[in-house]
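The following pair of complexes shares a single chain, subunit A, combined with subunit B in the former and subunit C in the latter.
Take a look at the complex of A and B:
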């Protein structure tokens, strides 16, 4: 665990010493504050639109941070050859994979905390109340979903030597799952047998990130809390995918040549 | 004739340490790189190498570019799995991460995390060796002093000159007070004071009874620093023995021995 947390610490340090996070946070903050100052037709429900847009920005920004930060991890280490002195220490390749994952996931969590604090402050100023349990659930489930995204991007960073290719593919896969993941089964019912079978297989294989996205609507429309048991199941679902994807990343990284 | 039969092994030199504990043991090592997607047309980088390096000696690993030196070092460091054979460091199979607990390694060319300062970088590497608290602080102070970077310890590495980055590399290789130091062309690209510093460090480690394995193209330097050398060519070990023994046997300096063994004929001198 020592090596894993040492590596995670380096990843977090890299995030806060780069400009990516600050740029995204400032963009999110500026757009949200500008939206907050506008009162369309003096409607009382304007705060719902504000929350919707602010949460969408948080989702997009956190996905950008997760994918961009993770996609460059292994290729950058190989290209700059920093991987050589690292693996010359008593560190196994599994620890490198686990450390990179932990670091990227914790870094996403830190970014998410900042985003949600800002979101909570803006909404509390507009609504005059702060439903902490709802915010915590939204934060937690989004963070669990980001764990799956980070592990996917890490797997990609072992496969692809160019971080840009990995990031593009990861964005496409994640956007594809979020947009059409839920409809694959219905789509399968309309197809000829072989294609239907393939689509059904795909439906049951992919991580259903859109389930986590649904929590955003609950926050926007002030719906009841999700049962805590369901939250735990969703967390276990994400953890299972993370475990499988990280094992695949390790199996590929185990025999990967270290220099570009 | 097999590669084993072709290898020349000279008699041990009187200067060598009396205790002959093998720190590195390489047995029948073969490294192949496959060229095709299905492993066809493999290039053999190292051919059935047998070698032992003993405690307390400075060992020079020589060969022209592409001879198999770096591949052998990569196997020793666990970067590359051997195609056949095995290698052991202090009796531990090199494929086990724990085999690297007592090693310091300086790669030929590398860069370090540029968003960290030298102090943070050394703290990170030190923690990977489970160094903590006062012990870690004293090690960081000691290695920074050794490489003359104490004044710049808080500056980010991206602001360092090339020579300073090389010295950070040397500092990280020494952070765990290694019993075995592996240096891959440590003086390549260094200015004369930088070379002097590396040589000084090697001499100091030798005096402390530590083992140093290094590859270099600077044969004069190897002759000065090393107790024993091995010359490898096209993946085959051609000669291994003490520097003094080889010089005595061939009646020429190490550079000429090296050129003779690799079959290089210098062009005739211009009038």
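Take a look at the complex of A and C:
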């Protein structure tokens, strides 16, 4: 366990040493603050568009941080050959996978905390209220969703040789799930039998990340809290996918030659 | 011998000033032809109409607080913006049809109340696109998604305004955008001046739009209580309607109904019964009302008033 947290600590240090997070945060803050200065028809109290834009930027930024940070972890270790002394510590390959996952996920959580603090401050200033429970649910479920994304990127970093290819494929998969994941079964009904069967299989296999994205809309449109039991179930759902994907990553990483 | 740097700088500044003086009138001439073009129009060309439509749809999504059919439920997507100017909840009280039958005694009622009830029912039916969940994934997913059909109310309609403003900027020829924005600005947000300015902006871009004139007349009548100006604007709207729609195989009789009934109301309030009767007769001639008997009754009442010499 110690080895896992040591590896995680290194990943977190890497996040705050690199410029990715700062750049994304500054872009999010600047765009949100600029949008906040715009007035429409001299009407005060218009805030939903601002929440919408800010949360969209937070979602995009967090996905970029999660995928880009995770995608380069194992390939960078292999390329610089630091993986060899690491495994000679001795640290098992399973611990490497778990450590990298924990580090990336915690790093995403830290970034998300900063983003949500900014979001909360902007909304409190514009709306004059701070629904903390809603913000916590949105933060928690987004973080749970990021766990799935991080594990997917980690699996990709074992499968694909280049981090860029992995990142591109991860972005495409996540965007695909968010956009059409919920409608695959509807689409299947319109297809010939074999394709319909494949789409239905895909529908029941993929992690339904769109559930977590829907929480963003709930926050924008001031909807009621989600039942805490449902939040717990969604967390367990994400955890189950993370477990399966990390196992797959470990199985592949176990057999992966570390030198070209 | 090299000239001093200060001299070179002064020379360059002089050349720059001369060039600026020469080029400025030309530069103005280049931009004058495109005075109304802004960056989005120059960059996006005709593609901005698609974006404007998307912005309008976004306003509709906000109007429904996020409950909106996706691209995969397009059969249920609203086909027009009529529902965006419907009240948030069904109004209690007598049937709208009954109100319409007695228009001379109900000046505060909306003439389109005649259509509102039906339109609301239709809209409610169209927006029940979810149906029962087909599997556990869909059932559980609905715990997170927005699944109730509501309309913005209590001043929250202001949240539509950014998208409508953007839609109008991208496509100034989209008349619905001005009508929906002006409707909420004057009706619930207490901003008739802004509504008027926005409608006039729309009229500048669409000078022949009878829909915009109809809305402008409503603003004068309902917000400023200026029946004379409202009557003038509705007369202009009727003229435009006749020019554009009268000879069409399927004219927009719903709009004609609204214009004429409102015009009759404005004329009546000024004691010009003859003109009021004239307007209602146009509506009757074009079968512009689903309840012609109500209009006939109103014409009779106006004739009696006119014969009685009230004015």
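Definition applied: the second predicted complex is superposed on the first by the 256 of 260 C-alpha atoms of A that agree within 3 Å, B and C clash if a C-alpha of one lies under 4 Å from a C-alpha of the other, contacts with A are read in each partner's own complex, and residues count from 1 in each chain.
We take it that a contact is a pair of C-beta atoms (placed from the backbone, for glycine too) under 8 Å apart; a residue touches a chain by one contact, two chains touch by 3 or more.
Computed from a prediction, not measured in an experiment: that's the story for all the values here.
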| item | value |
| --- | --- |
| Clash-or-fit label for the pair subunit B, subunit C on subunit A | fit |
| Contacts of A:56 with subunit B and subunit C, given as first, second, both or neither | neither |
| Partner chain in contact with A:14 - subunit B first, subunit C second, else both or neither | first |
| After the two structures are overlaid on chain A, angle v-u-w for subunit B, subunit A, subunit C in degrees (C-alpha centres, nearest 10) | 160 |
| Which of subunit B and subunit C A:226 touches, first, second, both or neither | second |
| Subunit B versus subunit C as contact partner of A:178, first or second or both or neither | neither |
| Touched partner set for A:165, first subunit B, second subunit C, both or neither | neither |
| Which of subunit B and subunit C A:251 touches, first, second, both or neither | neither |
| Touched partner set for A:110, first subunit B, second subunit C, both or neither | neither |
| Superposed model, subunit A: greater residue contact from subunit B or subunit C | C |
| Overlay on shared chain A, then closest C-alpha pair between subunit B and subunit C (Å) | 39 |
| Subunit C-contacting residues of subunit A that also contact subunit B | none |
| Touching residues on subunit A, where the partner in the complex is subunit B | 2-3, 6, 9-10, 13-14, 17-18, 80-82, 84-92, 95, 255, 257-258 |
| Subunit A contact footprint on subunit B (complex, rising order) | 74, 77-81, 97-101, 103, 105-107, 109-113, 115-116, 120, 124-125, 127-130, 169, 172-173, 176, 182 |
| Subunit C residues within the subunit A interface of the complex | 62, 65-66, 70, 72, 134-135, 137-138, 140-141, 143-146, 155, 158-159, 161-163, 165, 181, 185, 189, 191, 194, 198 |
| Partner subunit C, residues of subunit A touching it in the complex | 38, 40-43, 45-49, 141, 180, 182-183, 185-187, 203-204, 208, 210-212, 214-215, 217-218, 220-223, 226-227, 230, 233-234 |
